[in-house]
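Got a structure for you, questions after.
Think of it as A, B, C and D in the order they're written, each chain with its own count starting at 1.
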Amino acid sequence: MLEIITSILVRTVVAGTPLLLGTMGEVISERAGILNLGVEGMMSLGAATGFIVTFTTGNPWLGLMAATIAGALISVIHAFVTVSLRANQVVSGLALTMLGLGLSGLWGKPYIGRPLTTKMHAIKIPVLSDIPVIGKVLFYQDPYFYLSVALGILVWFLMKHTKVGITVRSVGENPKAAETLGINVARVKYLCVMAGGAFAGMAGAHLSTAYSKSWIEGMTSGRGWIVIALTIFALWEPARAFVGAYVFGGIFVIQYVLQPLGISPNLLAMLPYVTTLGVLLFYGMSKSGKRKMSAPATLGEPYIRGSR
Amino acid sequence: MKRIEKLEMKGICKSFVGVRANRNVDLTIEKGDILGLLGENGAGKTTLMNILYGLYMPDEGQVHVNGQPLHLKSPKDSMKAGIGMIHQHFMLIQKHTVLENIALGYADAPFFFPQKYMRKRIEEYSRKFGLEVDPDKKIWELSAGEQQRVEILKALLRNADLLIMDEPTSVLTPLEADELFEILRKMIKEGHSVILISHKLEEIISICNRVMVMRKGEVTGAAEIKDVTKVDLARMMIGREISASYEKADIRPGEPVLEISSLSVNSDQGLPIVKNITMTVSRNEILGIAGVSGNGQRELVEAVTGLRRSEEGTVSLQGREVTNKSARTIHNLGINHVPEERIKFGTVANLQLFENSVLKKHHEKPFSKNMLMNYPLIKNHTDSIIEKFHVDAASINVPVKNLSGGNIQKLILGREIASEPSLLIAAHPTYGLDVGAAEYIRKELISARDRGGAVLLVSEDLEELFQVCDRIAVMFEGKIMGIVDPSNCDIDEIGLMMAGTSFEGKGETN
Amino acid sequence: MKKIYALMLALLLATGTLFASGGQEGAAADDQGGEEKVKVGFVYIGPAGDFGWTYAHEQGRLYLEQQLPWVETVTVESVPEGDAVRFIDRMVQQQKCDVIFTTSFGYMDDTVQAAEKYPDTTFFHCSGFKRAPNLGTYMGDMYQIYYLNGLISGAMTETDKIGYVAAFPIPELFRHMNAFGLGIKEVNPAATVNVKWTYAWYGPDKAREAAEALVSEQCDVLGFTEDTPTVIEVAQEHMEKGDRVFALSHYSPMEAYGEDATITGQLTDWGVIYEQVMNDYKAGKTADLTNYDLLWLMKENAVELGASWDEKINPKYVDDLKNKMIDHAEFGNISVYDLVMKRYDQ
Amino acid sequence: MTVTILPREKTSALFNVLTLLGSLLAGLVAVGIVFLLKGINPFFAIGEIFIASFGSAFGFQETLTKAIPLILIGAGLALAYRAKFWNIGAESQLLLGAVFATWVGLKLGPGLPAWAILPLMFLAGFIGGGLWGLIPAIFKVRFGINEVISTLMLNYIAAEFVKYLVVGPWKGETKYGYPYTDDLPDQAILQHLGSTRISVLMLIIAVSAALILAFLVYRTRFGYEIRVIGENPEAGRYAGINFFRTSLIMMFISGGVAGLAGVGELSSIHHHLSYPDTISAGYGFTAIIVAWLGRLNPGFSILSGLFFAGIIVGGDAIQMSMGLPATTVNVFNGLILIFLIAGDFLLNHKVRFQRRVL
């Protein structure tokens, strides 16, 4: 029994890693007031880029870097269209998803099914990894896990305890107030969207170089959309994003564990999505929940400088 | 850091499209002054202050500090020069804590843990000026007065020597206002100076040491407070002979159309803002509601038209009770409404002219029948409105956003009057219009009255009220201070009522 | 304004059409000058590089091109079931294919329809059961190999729990799982098989979680039907962490993904089948295909035991199997290795 | 040099169209650049797409076949987007339409008179899609839940539900254990035109649905109210429009039309319910651009639906002749959409470049 629990937890953490990375990115972007529905596309591009670079150079770290840059670069399109051209963020995000999926499919085609010779191996942290259960879950994982946790904590810290965090959050809540206090709103928004893209790219690289170690079209299989739901689930708080990512990772894992109980695997596969709706509904039912669920005040709205 | 000993604005002129907001304005303020800037809405006070704060560039004129000319291109420049401004609508981030709000964009705060650093500074300043506020609270948890203190702290921490406050007491309870004045006095002692924009005579008298009155972009008077009385100020503010009334048919008011009794309404913040109002508007009558804006006029109108819940009391329309009925039900009973914010409520900017010409009436015959819209007929109707009300538009097929403000207002008015409502409620219908358009709209209001309609006119423009109304009610802090007959009344009286003095005796005339 | 807009949009479509018809000639020119070649179209359900079903067919196609120089091929991949018709249309009408292979059961009805529509083209549908004069069927079935895999798995398990990651509950899979189970029981009556369904032919993430769940249930030999080597990778990772988890390769030689974890597996060589079919075609044996059903098994070498084409069993574990002695009803006391080889030869 | 951006006061119809064509052209150029980077002759690739979809009889047949669901869903989405309701869930509304129709055709079918089956299937499909569309509407209006998220989640839920049906309770007895339902009875099947896959009835339904929706938007009171609350909810309140009721009706129709597309795919193409990605090849998503290219006028989705159907069909051709993956079409869709919304900016704003005078 203990072994099953350990295994579930180990897998939960692994399955939650791309979700955590993606959610952190989307939290940053949405905190600055830009809804980016293109996560699925950016992740996919990250996955393809990460794989191709790892495959050709044999260095998974270069793959990770390339994926991060690719994610950030493609997100610039979204930033330009929504910040500079004030276009509808929903439509632009969807366009980005299509573009990301298309480009990754086009470039990744020759790499479908090719085995990765160099992999990121799990790192065993001495001593700590010998602790029962927790040791295996937290201290014997692939480097992406440690990276995602470190970045997650970093984002949390930046958002909560630094000037940058205050600036970013203010830009999403009240860009006009930020502008009068001398902050370049457009620049903050651009940078935040790009940070979101970079995180999504990393999440993609995790999928193709650490999780599956292979590339195939559509391998993100909806994780980008879950990330967007998770961002609401997390109420735009990086600390809650940890909870959300691992809860959802756990739900993904537990489907297979529960199969012997005779519940239809298809109904189990609905769990992550039903849970999301359930949580939102739970928030939506109560007044205080609604307040909590209230997004950054200007999320989705174009900001026009100097408007009165 | 050199402090502001003396600040002068000289010969400031500023025009917006077609409107001269400031004409050759001079202003001087010295260290330790609390200068009251008095005037009606639209008198140009806020424009002048926005120039001082670097938000607008003046067309002409200069600003000097301690004798040196100052170039203000953005709020950053004015902040650097030691000028701080607190807007009527606070520039605060509701979901953030006080600390975070003050730390935002604060140059001296460290990168890591800026809150910790700010907390020390805030405590220091709180003690110095008596600005008590819990730094860890979120803004939305604070009362308006506390939020204002945050704004003041924000300005002071940015080394504001001169603090501009735009109608600071309009959102405060009397107790909070007293606390604010206490803070301001402390600031003066510390060598700061304050410019207070207000149209409340009482508070200007009680806190300021100097006053400057503006009307229509010009300075109409400046004095030391000790040399003037409330009545003097009221005269300076309104201060002119009322020009002749428009011609009106000599008809006695008919049966009552709108009866409001003991109506109480809450503001968006959930505080009582209309308090126990009772009044009647009859056929062939224009009832004006005078008063400085923000005294509950807007909420009153919204409650009557079904856009806001009333807490207590009743509203009856031609004998039928319509309290808290839906906007559509009330409209169907014959109330038409020219809303205050015409762009926000009254029209749909991206829809075409003809589509806007039936907004709110689109569900009625003959404009729609069996769920279908009769667009040919609507277009004819629009043509007639455009012709009758002289709406200047390229075509009825252009989006309304292409029209100027005056033309939008004419369109709305035309739409609301054309259907011969039993009651027309018009809120600030001529606000921001040029003289010709305003005159035209006033005449239309009168002719609606002459044809047997009842009109409730909310306006800040006393001249307008005197010219068109049969009776004028003055609202102050959610209450009716008195109802007067314009043909038989002293303008000072109204000024005093607007400033909160209740007048017994005159009361209802019918 | 709306009218102009509509007009322009229509004009746009029209220019597209014009542009299109203008370019047609150029494309058509390519098709001429062809020699006496037979053009063969392949419709694939998955991506050609999936390392499973479609990959195996792709290898078969390449083998075919290599063996029969008079064959020219064209492929289209990732064609959703129920949408094959338009691809077949295009293969017949534009690419002028003479023979078309549709390689998934789900294409059956579409292939039948297409065969009716194009009587001059010859169709072969993989794994189906409907035939027509110009529609034959073929299949390389591996239930024998699964049985052999079962024998080996039964011998290798120490926990007496064997895991199976299965894609979709369809008859072919049940057939394989039954054969697999039969083999296991013959060697190790105490062993049980745990099954996890993924509902995806191609789902590396799902297969991974399913395999991990099986490992956590103490399964130490993993078989699977899914088109990626994911399950092998999972087993290999556990091996590297010091656990004892084996896996059976599926469809393609996957030993490279888990050199320690892979014991053996199932291989299909579609190439020999395709070669046979095309030779039959050339020889004119395919005029009436109503009874043409090429169901090839082990004896035709269409399917093979092993995780790579060279070795039937990973040499690392040959000794283990040779040392594992069981009492067998038919052969008495025999090593599992010998049993497997005996059965293989049968 | 400074760039000033001012709102454009007047836009002419011609300018409107030129912007649109310019956006499309720019989109195609961008696609060409992507091809070029990949080492593919862009003129050949893009030309091939149009040849394959509009340049040959069999290609055009397929284009029409694919256009049917795109027109239907695009028109429905245009309605929702008019009200600023970002319905991303057409994919699942289509599926639910197919599920309801399957239930009528398969489960009720034997007990129904032959003439009633198809009409009832269409009705059921409309109701199925409509009800599925109502859920996010209620979620949004009553509980303040963002419709983008809820419709997306409902997409996944519906897909799993369909899988559950076809491998579980509805698994066909005649399908040898494969995950399909049984085939619909003959009376429940839409006939094709000749040897094509075009169902004339569906084509008529699609075109007339688009026209009816256009009529609804531009000629009825309901359409007027939708446009008012979409453009300016405050004005909608002022005008006494019932937000809750209008939103619900609107989403019922929007989802219902997608449901009709589901009935069409089921009854005309597949004849049985099977995996969700077989029933709908991403029509719900492509239709988003269809609606957008049609400037949110349901009527124009007829043309823009045809255009994107052409791109889907043309995508097959470059897949076969150039070995490009199926998702290449997504590059097209994404880039064209990006340039369309960028074009909208030019339509509504003047951009002036000025040399800074010192």
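Following the convention adopted for this analysis, contacts are C-beta pairs under 8 Å (C-beta built on N, C-alpha and C of every residue); 3 or more make two chains touch, one makes a residue touch a chain.
By chain, UniProt protein names: A, D = Simple sugar transport system permease protein; B = Simple sugar transport system ATP-binding protein.
If you're wondering where the values come from, they're calculated on a predicted model, not measured in any experiment.
Chain pairs C-D and B-D differ in how many C-beta pairs are in contact, and the one with more is C-D.
Chain C has its Cα centroid 35 Å from the Cα centroid of chain A. The centroid of the Cα atoms in chain B and the matching centroid in chain C are 76 Å apart.
Here the CA centre of chain B is 47 Å from the CA centre of chain D.
Along chain A, residues 217, 266, 269 each make contact with two or more other chains.
Within chain C, contacts with two or more other chains are made by residues 1, 47, 78, 199.
In summary, the structure contains touching chain pairs A-B, A-C, A-D, B-D, C-D. Only residues 13-14, 16-17, 20-21, 24, 47-48, 50-56, 58-59, 62, 65, 163, 167, 176-179, 195, 197, 269-271, 274-275, 277-279, 281, 294-295, 297, 299-300, 303-304, 306-307, 310, 313, 316-317, 319-321, 323, 325-326 of chain D touch chain C when the two sit together in their complex.
On the side of chain B, the complex with chain A involves touching residues 75-76, 79, 91-96, 100, 103-106, 109-115. Note for the complex: chain D touches chain B at residues 9-10, 219-225, 227-228, 231-232, 234-235, 237-242. For chain A in complex with chain D, the touching residues are 37, 41, 77, 81, 85-88, 90-92, 94-109, 217-218, 222, 225, 228-229, 232, 264, 266-267, 269-270, 272-274, 276-277, 280-281, 283-285, 290, 293, 295. Every residue of chain B that touches chain D in the complex is listed here, in rising order: 306-307, 326-329, 331, 337, 339, 344-351, 355, 359-360, 362-363, 368, 371-373, 375, 394, 398, 402.
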